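Both of the next two complexes hold chain A, though its partner changes from chain B to chain C.
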Partner chain A sequence: MSLWVDKYRPKDLSKLDYHKEQAENLKKLTQRGDFPHLLIYGPSGAGKKTRIMCILKDLYGCGVERLRMEQLNFTTPSKKKLEIMTVSSNYHIEINPSDVGMYDRIVVMDLIKNVAQTQQLDVNGQREFKVIVLTDVDNLTRDAQHALRRTMEKYITNCRLILCANSTSRLTPAIRSRCLGIRVPAPTITEISSILQNICKKEGLTIPSEFAQKIAEKSNRNVRRAILMCEACKVEQYPFSVKQNIAEPDWLMFIRAMSRKISQEQSVNTLANVRGDLYELIIHGIPNNIIFQTMVSELVKNCDISLKSEIISQAAFFEHRLQHGNKAIFHFEAFVAKFMCLYKKFLEDTVGDVF
Partner chain B sequence: MDSFLKSGKLGGSVGDKNNQVNNEVSKKKRSVPWVEKYRPRTVSDIVQQSEAVQVLEQCIAGADLPNLLFYGPPGTGKTSTVLAAARQLFGDMYKDRILELNASDERGIQVIRDKVKTFAQLTASAIRHDGKPCPPFKIIILDEADSLTNAAQAALRRTMEKESKTTRFCLICNYVTRIIEPLTSRCTKFQFKPLDESKIFERLQHIAIEENLQIDDDVLNALVKTSGGDMRRATTCLQSCAILKGKDATISMQDVYEITGVVPEQWIKNYLQACKSNNYSKLEEFIETFILEAYTASQILKQMNEFIVNTDEFTDKQKAVIGEKLGIVSYRLQDGGSEYIQLLDLGCAIMIEYSKTG
Partner chain C sequence: MDEYPNAEEEFELMYGDEFDLIRNEDFPDEIAVRPQIQKNQSNEDPHVPVHENVSNLDCLPQTQTPVSECSTSKAKDIASAVERPRKRTVEELFGDIDDILYEDDITYKKKQKNDVDDDYALIEHILELRRLAKERNNPLIRFNKDCDDKMHYKYNISYEVPKYSFTTITKCDGERIYVRCHSEQFMKEESSKFGQKSNFVGCMGETFKEVWKDAELLVNKQLDAAKKNDGEEMEIDAPNLTCNNSNAQLWVDLYKPQRYLELLSDETTNRILLKWFKLWDKIVFNRLPKVKLKGDSTKDSFNQKEFHMKLDEHGRPEYKIVLLCGPPGLGKTTLAHLVAKHAGYNVVEVNASDDRTTESFKRMLENATQMTSVIDHNKRPNCLVFDEIDGAPSSSIDFLIKYVNGTTKKKKKNVEAPSLLKRPIVCICNDVYVPALRPLRQIAFVITFPPTAGVRLAERLYEIARREQIKADIGALLALCEKTGNDIRSCLSLLHFLKSLKKPVTLSYVNKTTVGQKDIQKGLFAVWQDIFQFQHAKHDVSHGVTESDSRNIFRNRMHKILQVVQAFGDHERLAQGIFENYVSLQLKDSSLDGISKAMEWFCYTDMVNHRIYSLQNYSLSSYVQYAFVIWHFLFATSTSQKLAYPSKGYEMVTKDFFGRIITKTSNTGKTETNFKYDVWYQYKEGYNNAVRKRIKMSTLK
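On to the complex of A and B.
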């Protein structure tokens, strides 16, 4: 039994639930001979992967659904061996180059060269090109991005790239200008709630529309999360009632509790306490930027505007530092300590004014 | 050229392979990117970069060619210029007389030592196969030279002088400051300036007519504006629009904005409105929706900058403060900072400036 997320993933461009006009344009694109490189970007849970699979299916037919996992090996010039997992079908290969960290350049170059040098045997049957899907390109190093730009032009006859990113801020303009950018905005709340209602109908369940709306609002416009939440709710209590409690992700509640602790008492003790919490979050694999973002938005809630702006500018500073360093905990702690310091000073000042 | 690099050999087999490639290309002509298709063929086709063109034209007329260093922003015709010149200089022998290396080829110091040196040491005759005279040297083009390592650049210095009898170097880069001094002093430098909007407009119009596109002058103008003097970007955008909309449909303003990723004016106004209201939660809400709509933060920064510079709402001093913040935020974003927090930071800075004015 598969999860609803996978079970009800649209398999065809014409079956997509939202951004219909874009889907139509994509359809036109796949039918023409000159398929360009694509850069698909949007927040997580907006349906980027779904769209990529639909495009591939439109290009090659059902063959792309027969997936296999494969391990590829690469050797760096300094004779270091790299291993990377790929998901591939006969027509495409999907890879996440940032898995190998700073060696992504070699993987990108070698992979594209390998794929590009093997031509499709059956020329009449299908397209003359294969597709390489690179996910998470916003984490590519500068080096790899430089390497990509010429490789993309050189091997355009035999292979096309589909790049998938959360945001294009980190991509060099050179790459952006070589791809056809496809923006995938997150679906609106009404769209999500209608998707949820459709799924429930197919499962033979009844869902009150207010409840679907409520889940959609809680999901932060993330379809994947909404569907998972809905399934979790069903396991918890069925038939649905409008007042039913919707389980929020536990890390969210955890960060909230932590933030409350920080704003309640500013002392070295709390800092030591918070360190434990932060470690807990990190070892559970919550991405750093999510921890930071949630923490900041929770912490600033009960500050006044001038303090807020100061805290935000500190947050921006430490968040940037965090991207450079390789031990996240230092930067988290530094930020927490800075916050405590600012907050305490602020409290003392306001209390001083009262008396 | 590609096949040469792959096989690493000069001579016979290269010719056949190129023929094959050419056949393939003609079979599916549609898949040639317009950037390649409409690349200028001769040096005299190149617009605006008069200094470089003058030197190259004299060279084609028979004068000697110095080592060249072309620098300037992307899409101003650096590579096109040197390729066109080479084609005119060497005619059919163009493939044998040129070695083109760029950042995507492996080019640490080893490659400079091996490939460049061996290629440089080959002699070149002053007569073409068909008996016409041609210049007795080869050209090595190092594209994107600013990403060469310093060691590799240092390895070039002596090679450049020693082989000056038979080889000319042409270095192409975006930032001349990243090329080490000893190399720049060995080359004649040419700066390539961003193209005038009118020139890009003319060229795009030409392409649109050739490709039978239905596009209004206004829309073309918008395309030119978003390109910022980058001919390649303008051309690819035009092609992307054409591909996405299909052959018969008219290309609208909306499509251009969608493809270039320009943030609609309304969003910038809303952002400033949120800042002006002095209401933090409004700002937060705006930024959340902004990111969910998948617009690009770096793009809004660029547009904001333009807006801030031209607005009358702030005094010069305030503009300076905001400008500095813009710079910092943009740097952090490029470096991998989170869009959410960085945009909030900028928003807060603007908010403070607003509260000072009002």
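On to the complex of A and C.
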């Protein structure tokens, strides 16, 4: 028993629901038996990982589906012991180097090099190279990216890298130029709703097309989220009704409530309150940029246009600083304080004008 | 004068001498009759001497003539005494008053000592006993005895050239009298003794006390004057010194307390340590009388309440080791040495300058605890003092602990226990929370040193300054004490320094920033307190002063914060503490301007820290501390703030690591989460935990 997302994940390039043309191209790419390093990028929930797995299956056959999880240990030069989880089959290994934070350079240097250096033992295997899948590449530190650059060139005979990222903007041009970039755009809303309907048909459920459409809209063009939401709705209430409440992700509601708090009262107490909320968000692994985006869009909703531009520029300023810093909470709180300060001033000014 | 009185007798005789000189009591004619008077009515009529005193006041002069007059009459008296035949029996003497006997004894002995030597010894013994008994019953007798002027004439005035140092007085008729001279020290002791004795009323009443007081004042004045000239000390038992040799020795050593009473450290601390040392008496000096032990054990039961000090089955204190801890310059080492010496031990010190590997540690421990010094004729038992133990390697400390504990185990197994610890061990450290000391802390009796009382320290400094002829006023010294944090060592070093510069200690000099400042690392909370609170005194000064002054105050505050922060070093933890504490302060910042500014500085420090750690470029860290100045000016209030340790950030970090992979409910253990891992892992990227609460695993299965 698994989630619908896993259950109905297309296993083959030919079975993909959308971006069919791109799938054709990928098929052609793998048919040659060889391919360059790939950089697959696109918004989350667009199907990047699905495509990567399809490519691997196309290359190696069903063997790649037998996955095992391994915990790899390594020590930093400062004798700190780190461990990282990898998912691997006989033919590929999947690593998320940003799991270890600022030590990702060591992961790149040690682990990837190790894998890359070992030759394929299985002579009968179809391919003479292994595939390393690196996820969350845009979270790699600059050092790690530099380290990666050389590895990519040096061990090209033994391994291929498939990098998976949300955006190429944080990758150095050197990395980008070494890879074949493949963009996976988010599916359209109609595509998502048809996927949902398909899944429901396979599950033996009936879903009103309006409802599927509604979920698709709510999902923000994120297929995974759409499927999960659909499943959640089914757990909550079946048969589906069009007016049924669609559960939104709780973090979204959480940020919304927080933003409301901020615009309601501007004081030190609220700041302390909000800090707890922010901690909560960070603890649960909501990415910083998502928090920032959602928060700003919520805050700006009930602002005057002149204030809006000011706040957005401030948000950009603090988010930029966050990228340079370590502790997100400082930057979030700094932004909240700044917002409160500006908002209060604006309110006072307008109230002053009225009288 | 062949039979010279022993020290004690002489003491008393001299005391009488003093007494008379001061009271002007010695009336020549009276003396001859004195024995009889005393015999019969000394107790009944103690006021007689006063009358005499009054009547003879005018004839008691410092000039030579009256003295010689006295002497003449005295001499006559002596002569008569000598002529008087000695016929008393022991029985008679028993009924007699001892002072007469003394007088008689001596004259008697002079002539016929060969005859009655044995008898005399017996008499003397019995009389001595009787005298003591009498004294016990009635102290007045002793007083009177002491008043007796006869003896001291005998011993201090002579017609022949005496053995003792003397001055000569020539009478008008050419007769020469020799008057004894005493050392100043002797006089002093005598007079002080006299002062003590004069405490009881009844003999002379208030008038006598007044006279005595005046006399004492006079004597003190003279003594002071004398002291200034020759640098001789009286009140403080510091070693004699003259200005010449002062350069050879550090003043810290020079003016080290020599007696328990002179210790500057907190009295309760001293007492606790001393009591602990006394607890060792049973095992170390087991020849001590039973009474003493009893006293100890009662003290013990009393101590139990206070310090949990009791003896174990070997008669040793429960805590074998004392750990003295406190900042430098409080006198920890001095206290340990002095108290150990006071309790009768020979101190063996091991400090950071010695080799402290486990090997040498072992050797030292065994040497000190199991052997005694052969050369030292005192044969005092050893007491180990491990100074600066916080710097010792942890293996050595472990060995020490094993030595203290492990041997007791051995004792239980084997009957014979040659290595049972039988000597007290004192460890001294500055920072008790050094990781290496953790095991020691558990088995040791930890005494934390409270800071020295500033006033006492200033008084001592004043005394020293006076003796070293440095101009100093007590105010400046108090300021110095405050500035150095009551660090005796640095205060003395500064005084020494000033002495060599021949500069006076003034308040303005002390207030200069460069003086007496130490690079002290304050505790975490103290630093936070410094940042969140500014000093009242400075605040008060800023009232109604000129602009430049207030600017000065701001500058001082900035300097102080910079210094404190720089000394502390761990900027990240400090910043975290400020970040987590500032929201709980009652800040009056309605516009939130200040807070947003402060927050920007938090961002700044975070960025700098990130740079430092990612590039290992520690030269940037000098810029971080300026943020603390900003926070200080934004957040500081005049009232003391309740601060909490910042734990939230740390909790956040630990949760963050697991929180990404593990659901929130299971963040306690790693093991139970492993089976969920594969599911969560795949949804990690992007909106990793977005679906966490809505879809329950159990409902799906």
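Structure notes:
Note that in this section the second predicted complex is superposed on the first by the 340 of 355 C-alpha atoms of A that agree within 3 Å, B and C clash if a C-alpha of one lies under 4 Å from a C-alpha of the other, contacts with A are read in each partner's own complex, and residues count from 1 in each chain.
What we mean here is this: a residue touches a chain if its C-beta (ideal position, glycine included) is under 8 Å from a C-beta of that chain, and two chains touch if they have at least 3 such contacts.
These figures come from a predicted structure and were not determined experimentally.
On the superposed chain A, the two partners chain B and chain C both fit, without a clash. Of the two partner chains placed by the overlay, only chain B lies in contact with A:289; chain C stays clear of it. In the superposition on chain A, contact is made by A:174 with chain B only, not with chain C.
Applying the stated contact rule after C-alpha superposition, one finds that A:247 touches chain C and leaves chain B untouched. Once chain A of one complex is fitted onto chain A of the other, the partner contacts of A:58 are absent, as it touches neither chain B nor chain C. In the superposed model, A:42 lies in contact with chain B only, and not with chain C. Look at A:102: by the touch rule set out above, it reaches chain C but stays clear of chain B.
With the two structures brought together on chain A, the opening angle seen from the C-alpha centre of chain A toward chain B and chain C is 90°, to the nearest 10.
Applying the stated contact rule after C-alpha superposition, one finds that A:324 touches each of chain B and chain C. Here's the short version: in the overlay, chain B gets within 10 Å of chain C at its closest Cα pair. Taken together, the two complexes place residues 324 of chain A in contact with chain B and also with chain C. By the touch criterion given at the top, residues 579, 583-584, 587, 589-593, 595-596, 598-600, 602-603, 605-607, 609-611, 613-614, 648-649, 652, 655-656, 659-661, 664, 677-679, 681-695, 699-701 of chain C touch chain A in their complex. By the touch criterion stated above, chain A contacts chain C in their complex at residues 1-3, 5-6, 44-45, 49, 69, 85, 87, 96, 99, 102, 135-136, 141, 143, 164, 166, 222, 224-225, 228, 231-232, 235, 247, 249-251, 266-269, 271-272, 275, 279, 282-287, 290, 318, 321, 324-327, 329-331, 333-334, 337-338, 340-341, 344-345.
Taken together, the chain A residues at the contact with chain B in this complex read 25, 28-29, 32-34, 36, 41-43, 46, 77, 109, 128, 146-151, 153-154, 156-157, 167-170, 173-174, 176-178, 180-181, 183-186, 220-221, 289, 292-293, 296-297, 300, 305-306, 308-309, 312-313, 315-316, 319-320, 323-324. Interface of chain B with chain A (complex): residues 2, 24, 28, 30-31, 33, 74-75, 102-106, 108, 143-144, 147, 230, 232-233, 236-237, 239-240, 243-246, 258-259, 261, 278, 280, 284, 291-299, 329, 332-342, 344-345, 348-349, 351-352.
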